[in-house]
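What follows are several structures.
Shared between the two complexes below is chain A, which pairs with chain B and chain C, respectively.
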Partner chain A sequence: MPLRPLLFAAAILAFFAAPQLLPEFYLFQICLIAGTALAVLGLVVVTGLAGQISLAQSAFVALGGYGASILAASWGVPLWAGIPVVAVVVAGLGFLLGQMTLRVAGHYLALATLAVTAIVQLALIHWEALTGGAAGMAVPPFEIMGRALTSGRELYYVIVPVTALFILTAQNLIASRFGRALTAIRQSETAAEAMGLDVLRYKAAAFAASAFLGAVAGGLLAPLSTYLDPAQYGITYAIYFLAIAVVGGMTSPTGAVIGSAVFVLLPNYLQAFQSYLGLVFALLLLGFIVLRPNGLSSLPWLRQAGALLHRTTGPKP
Partner chain B sequence: MTEALLRIENVSVRFGGLVALDSVTLEVAPGSIQAVIGPNGAGKSTLLNVITGLYTASGGSILFRGERIDGRTPHAITRRGIARTFQNTELFGEMTALENVMISLDRFYAYGGVTAAWQGRHYRQIETSARDEARELLALVGLAGDENEAAATLPFGKQRRLEIARALATRPGLLLLDEPAAGLRAAEIDALNRILLDLRAQRQISILVIDHVMPLVMAISDRIAVLNFGRKIAEGTPDAVRRSPDVIAAYLGEKAAHAVGS
Partner chain C sequence: MLAQVLVSSVTAGAVYALIALGFVLIHKGTGVVHFGYGDQVTFGAYLVLIAQMAVTGLPFWPAVFIALVVSALLGALIYGGFMWPLRNASLLAKIIASLALGTVLREFVRAFMGPNAWPFPFLLSQTAVPVGGVLVVPANLAIVGVSLGILAILFLLFEKTLFGKAIMAACDNRIGASLIGVRVSHVFLLIWVVASVLATVAGVLVAPLLTLSPDMGLIGIKGFTAAVLGGFNSLPGAVLGGILLGILEALVGTYISSALKDMISYGILIAVILIRPQGLLGGLLVKKV
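And now, the complex of A and B:
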């Protein structure tokens, strides 16, 4: 297929052209979209594919952001090294949380994961010595090879490739036996178990993956915002991620990017509605659940575009 | 006498005060088709669920190939060689027929996360082999033309056969069938009979079938055990069971009485 390398070349070209052509404001927005999409990608795996509803994504993003920042501020570990280390630790926490799905499912799982978000937020507020408490903490700059990346224009070269790498990897894993197994578990845990799948291990692995992606996202978004405020990492943020996943398409990695773009860019065009933004997002979420439960990525023309990018079989809607 | 493939020994299952299975002993000989029949609520499905690890036995033991399997998780039991179908079909509805079968096969065509992420030639070779075996199994149950249909959109008779293909893909030594003929027409039951007899002949798979549709059970079973209120009340060849006065009273008698009453 000659189209694939062509599209790939176009993407590379666009990637290097954007910083030359766009002002800082838009580059900052692109970084925000990419970082958010990475967190939402975690939900695509655990909730979209494996069918395990999670409101803990806010907690994982917070742990990634705070963890990497604390490592940098207190121990001088640069962010580029701290983020992956913290992400692996948070993934371990996600795996343990996943063990809970042995006993808890559905609405109760939503509540239990919500509790995780609440607990992490409380810990951030009360562990003042480490986190700066309710006042928050400043994020050390992202330094790489002696250069501090401070603007959106600079962080762009880190956040966008990392997100692209994870999106493509996720897409391939979804098309493989791993994606099949998670999809099967979503549709019938009983049957999946009876066909020899270790359902609990898969669900725990899905939680670990969502925690890992959330932590990386949090770690990358932290230097972009330069300041961490514990008030941000609450229940609203957890629902924000879930809403993006629904609007983009619960089972689609590219949907995570599309949904994030909508939720990051829309406020720019709704300046007049600023105080009603929550309402706009709520209506958007409700509208999608009722009218297009498979999200924007299920729009026919977008699916065709997605199929072009895929070698073997695309993920099922 | 050769050692039994599956040996259920004095197995009891209690749900609170209800005794669903009361000290049942049953054997499946290698290469045989064993049936368990009984009226509704006799404990047939409970028996299947306790063998496959969905329920825990409150007493007794279950041995498969001489090894204890009671107390193990369902997936561990499947991996030891016991596959099952479900009474009300438990297919992965949104997935295609082919994918349904591949779920069971993937274990035998394993590759790591890096291989899956890279999707190179090695990956494509393994996936192709898995796909080929899945196609063979679909053809075996007469679903050759339906591989890309979503399981939920298949007609009921085909869903039943897809369940069998999916169970076979776990490469079992023993296949447990939970009322495979329920809701099927006479012609479909005949086709199912042929598939099951072929399986035993060609793949050396033993079968334990529970059902209350007599034509299937009578036509293919080597031995039939009869359950009533959680107890085994009779066992023997189809002819012997058909003539047993206990069975007529408990099973056929009750059914006849029910027919008169309604």
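And now, the complex of A and C:
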């Protein structure tokens, strides 16, 4: 039975039905999940697939959000054009940062990317003329063809398809030449090099991809939150993304969505324990990394569902 | 003016040095870089406050003693509960676990002690005493003294005692060390206990100088910078790196711009990692295939 086309049809149906059936609150949450998942997807590529730890995802998201907003506020570039432009520039920065991995790995890479996040946050706070300083800045509305998308219900039509597109691309990338090269590098850099892979270029490309995805996510989350606060884009945010990736499943693009859904929806069910929320997230991260380092997407029944999908799409015997 | 800036900056430097010593101790002793160490420092200071809350009317010093004992237990828990089960896990998992440990401690403090700052008493007088034309604060001197004292003790331990050699052997080659009779798990347990106690000592000294809030642990990144600058495996390097960083920050803050002060330390961190990853006093690390 052709399961995959059926599932696609169901997904498209659900996509158009959701705005008709769900109230604004849930659509906003879906947008938040999608935007967060996109940022985490970057981490899945660079840390999950290529094995290079990165605490710079927070910086990329900040640069994407601020970059697109500043372009729109100061030069009148609409967000739909500004976000891709900024994302390409940030991807270039990510590529440069990736060059660092020639000399740096493991602990030192974690430290260096941590420092990048700290530097970007400080720059956002102190470059007041451009960023509004510690007070933050308002995000111009996302306008398409003269129509401003302001609510979660309207932004839904932008954020969810973009995220779905990148998740599918990443899913297909895993089995491609690029994806297999990254996996080889994660498992043994020396062996990958011996096989003739240009290890540095692949690692830098992985960083560029993570920066690109982070910047797009930042650009899309900015009009959703309507306000950028530099205090948000610190080391805690970088660890938040890492926690989502670990809980969802470090090597799985769908894991990024599952993890984001857990972290965005959980606060709704813990309203009585608002002040313990940070502790719950931290304990989740610690528990998963010790007990189930491959995350939720490695749960047996989820794996079986995934295998079922692949079996139906694989070559027929 | 310059002399005063230098004298004051040494205090900040000693704070960094104290935290860097903990990093180096754990890394030299167990091969793990503990990314949550800064939060453990904060947690140590909060332990004193928690002890005073639990037992009403408890004076300061007994509370410090209780905090030290509890942090020793915490160190044992970290090793037994997390680092030992993860001993064969990938480096990535270890890094994330240590980050997670720090986040748990920070969020624990935020959840139970609130997000706002707490007052914390100074150990010694804060009144400045003029010494040869510059003002010296006894409370700050204590930090410098304690950092140097801890450096001396750790240095003697590693360089002069058989136990220190056992630690180095255990870290260098776990199997080899256990073959010649070193109880590797005991050695690692002890390192974690000592480093955790050290974190609380640092926390008690540092808390009155900085603001004691859940986010004080972010000072840890300065400790990293100091440790990296000095050479991650060198104890004297940690102290040298800390004090150098303190002086550099003070000079930049005074003469160039206070906004650049923090950025300079992160810039140094990246530059040292790229240009001289072994630091000022560290030995060259050869990567084996």
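We take it that the second predicted complex is superposed on the first by the 306 of 317 C-alpha atoms of A that agree within 3 Å, B and C clash if a C-alpha of one lies under 4 Å from a C-alpha of the other, contacts with A are read in each partner's own complex, and residues count from 1 in each chain.
Here is the rule we use: a contact is a pair of C-beta atoms (placed from the backbone, for glycine too) under 8 Å apart; a residue touches a chain by one contact, two chains touch by 3 or more.
Values in this document were obtained by computation on a predicted structure and should not be read as measured data.
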- Message: Tell me which partner touches more residues of chain A in the superposed arrangement, chain B or chain C.
- Response: C
- Message: Quick check on the superposed pair: does A:108 touch chain B, chain C, both, or neither? Answer first, second, both or neither.
- Response: second
- Task: Applying the touch criterion given at the start, work out whether A:175 contacts chain B, chain C, both or neither, answering first, second, both or neither.
- Result: first
- Which of the two partners, first being chain B and second being chain C, lies in contact with A:190: first, second, both, or neither? both
- Message: Quick one: is A:198 in contact with chain B, with chain C, with both, or with neither? Answer first, second, both or neither.
- Response: first
- Is A:88 in contact with chain B, with chain C, with both, or with neither (first, second, both, neither)? neither
- Once the complexes are superposed, what residues of chain A are shared between the chain B interface and the chain C interface? 190
- Note on the structure: As the complex stands, chain C meets chain A at residues 33, 35, 82, 85-86, 89, 91-93, 95-97, 99-101, 103-104, 106-108, 110-111, 218, 221, 224-225, 228, 232, 259, 262-263, 266-267, 269-270, 273-274, 277, 289
- Would you tell me which residues of chain B are touching chain A in their complex? 52, 54, 73-75, 78-79, 83-84, 86, 90-95, 99-100, 102-104, 106-107, 109-111, 113, 116-119, 123-124, 127, 130, 166-167, 169-170
- Message: Show me the residue ranges of chain A that touch chain B in the complex, using the header's touch definition.
- Response: 169, 172-173, 175-178, 180-181, 183-184, 187-188, 190-199, 311-312, 316
- Query: Where on chain A is chain C touching in the complex?
  - Reply: 47, 51, 53, 100, 103-104, 106-108, 110-112, 114-116, 118-119, 122-123, 126, 190, 234-236, 239, 242-243, 246, 275-276, 278-279, 281-283, 285-286, 289-290, 293
